[in-house]
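Heads up, there are several structures right after this.
Two complexes follow with subunit A in common, the first pairing it with subunit B and the second with subunit C.
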Partner chain A sequence: MSRRDKVKKLPNKGGLSRHLNPEYPKTEWTAEKWAFILHRLTGLFIIFYLLAHIWVTGHATSPESWSSIMSTLHTYKWLETTGEWLLWGAIVFHGLNGIRLILVEALGWGIGRPHRPIPPYLPYSNRSAQRPLLWLVVALTLIAWIVGGVILYQDVGLISW
Partner chain B sequence: MVRESTLMTLHYIAAAIMVVVLTIHVLMHTPVLEKGYEVSLEYERVLEHYNVAWLDLAILLYAALFHGLNGLRVILIELHQGPVWEKAVSWTLLIIGIVAAIYGTWTLIEVV
Partner chain C sequence: MSKGEVKNITFRIKRYDPEKGKTWWQEYKVPVRRGMTLVDVYLYIKENLDPSLAVRYSCRMGICGSCGVVINGKPSLACETQILELGTDVVTVEPLPNYPVVRDLVVDFTGFFEKHRMVKPYLIRRDVEEQENPTREYRMLPEEYDYMVQFSYCIKCGLCYAACPVPAIDSKFLGPQALAQAFRYMIDVRDEGLKERVLVVDSEHGCWRCHFADACSAVCPKGIDPAQGIQLLRRMLISMRLSGVKEKKGSPVMPPMPPETKPKPGVKAPPPRTVKPEEAMKRIVKE
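Moving on, here comes the complex of A and B:
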């Protein structure tokens, strides 16, 4: 039996457990796959931050509660600022990669039209405009993350040049 | 029940809105629109932010909650499938979203 027929016979089970199945078709570790994983991890980080942020900003109703929650947050200054710096990086990556996804996924820009796959061939999506766009996202993210980090750590007085 | 394609379209629309609204929100805590990050967290500055940018914050609150919780829902129903699981995930996240939206709206009304 060919590998293709074996795969066809598998029950259509998704979820993480599919990786335990040796017959499950493997996909390549492309740059887009890494971007997908990072997009989800940064998204998870941001949604849990958002819920905490709504709770913390709920203390803005009076000066006393505001200063008490601020002094609690400032207990471990290095930890707080490093968390904020990681959050900044997560938001910049998620936002810029999200703009790429709107262009590529939602609007279908830069992935070309379907065509007959005549081997040996490289998928159009791997040699079209969307790949350089991903490198642009990575470059802009790194620049914004580092520059923002220097500004942030200097502003809160943890580093000084 | 809302169709998945509708939710995904709204997911993209909320993302596009947040590009503008979240940029303004972040810039209000940087030297671009403020003296600096530490200064922007003083109580008087926070009150002024709420009064100047309450519309920005309101749009951000609803767009971010929808986008974030829908994203979490998509991740959770890709990890595991089944009618019970999918219903439980949807309802739990909907309740979390409504509670957070009400709390955020209450904060906005109280402060502004």
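Moving on, here comes the complex of A and C:
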């Protein structure tokens, strides 16, 4: 065992937990890093919703049990609609951003071509076509989310024109 | 700010003592002049305020890649960061994340270099004899060189690996540096080691673990675009799988030079030299 290995080293992990820690200054995050975090969170939300959905509907073995489950859910109408609204937003973002990621990661689209670096060294992948596409994804998600929210809450009668 | 003016700036440095296993933030007040980099501040602190601060730097001009730290939340090279350009009265300095900290601002790069070695960052050729005792250079067009040269500017400073969000999830992830180096040799027309590198890169901890957060490219001090390289590497692997290509033929050795060149008929001969080479050499030696 060398002397170097005897030193007790501090594991200094990066990632989300470090960035949420108020002790550290806020790192300069790229828009793509935010998109990655959001993509992962929405993906987790969708998968857990799907599991819960299968579990709930799997319990309905007869028309009576189905209607009893539905009536339990309908007692918290406001909560149910909000959950559906969040799910809609998550699905739209995850789907649209997924298309963007397929274009960028599998087809190598929108990240420029390797070239000789020229000062002031602004990398192509940070400012080529995939960045405006990310803003388009965010804009479309917001529009779809707001429209979906209006339709959902109108159905419940929580908002009316 | 004029040339001689001095501004007092507080440096908040994250420290770690391996003997006591204790971490803490320490503040130093340093008078900063225009043009002072963080390395100059290290030296000021060590000379005047606290000799126990452990730092690492070597060339102080962005070539050696050993002074990477997180400055005000952004992984940067200490030698290339001018303090007054940051524009803050308090400058936070901490060791690079995703690496084990040895002491204060010094981190352990062993794993990082290990990953770099894994992708075999050297030219692999089947004609070993020619490679060991070269007769002439391997053929490479200027545009092929321009396509690949960006990734060969890497100085292994490790900032990209510190900015990447993936090592927090998967500590065995090869990282932007190693993957970009693998790509650099895979697109090199002279290289024949495609099969060996695909084995390393096309794996669980290889290029499929990248999620395109693009933070590596944003912090690279050399203008390299590792994120771009990794995406193009993935495209390359997908097209290789679809087309069934597994090997690559390296470019051939350049043909030997013609023994002598004859002037074209009708072209005038150059004027005689005004200074003979031997005389020019004598003049240089005299001076």
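By definition in this document, the second predicted complex is superposed on the first by the 130 of 161 C-alpha atoms of A that agree within 3 Å, B and C clash if a C-alpha of one lies under 4 Å from a C-alpha of the other, contacts with A are read in each partner's own complex, and residues count from 1 in each chain.
By our rule, a residue touches a chain if its C-beta (ideal position, glycine included) is under 8 Å from a C-beta of that chain, and two chains touch if they have at least 3 such contacts.
Here the structure is a predicted model, which means the values were calculated and not measured.
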Subject >> When both partners are placed on the shared chain, which of subunit B and subunit C touches more of subunit A >> reply: C
**OP:** Classify the contacts of A:50 with the two partner chains as first (subunit B alone), second (subunit C alone), both, or neither.
**Re:** first
Original post:
Taking the superposition as given, does A:124 touch the first partner, subunit B, the second, subunit C, both, or neither?
Top reply: second
**OP:** Could you tell me if A:115 is touching subunit B, subunit C, both of them or neither one (first, second, both, neither)?
**Re:** second
Original post:
Is A:29 contacted by the first partner subunit B, the second partner subunit C, both or neither?
Top reply: second
**OP:** Determine, under the contact definition given at the top, whether A:106 touches first (subunit B), second (subunit C), both, or neither.
**Re:** both
**OP:** Considering only the touch criterion stated at the top, classify A:132 as touching first (subunit B), second (subunit C), both, or neither.
**Re:** neither
Original post:
Across the two complexes, what residues of subunit A are contacted by subunit B and by subunit C?
Top reply: 14-16, 40, 106
Subject >> List of subunit A residues in touch with subunit B within their complex >> reply: 14-16, 40, 43-44, 46-47, 50-51, 54-55, 57-58, 60-61, 63, 66-67, 70, 91, 95, 98-99, 102, 106, 151-152, 155-157
Subject >> Complex contacts: residues of subunit B adjacent to subunit A >> reply: 12, 15-16, 18-19, 22, 26, 30-31, 36-38, 41, 43, 46-47, 50, 61, 64-65, 68-69, 71-72, 75, 78-81, 96, 100, 103-104, 106-107, 110-111
Original post:
Which residues of subunit C touch subunit A in the complex?
Top reply: 16, 18-19, 21, 23, 25, 70, 72-74, 92, 94-103, 107-108, 146-151, 153, 162-165, 167-169, 187, 210-215, 217-218, 220-225, 227-229, 231-232, 234-235, 238
Original post:
Of all residues in subunit A, which touch subunit C in the complex?
Top reply: 7-18, 23-33, 35-37, 39-40, 101, 104-108, 111-119, 121-126
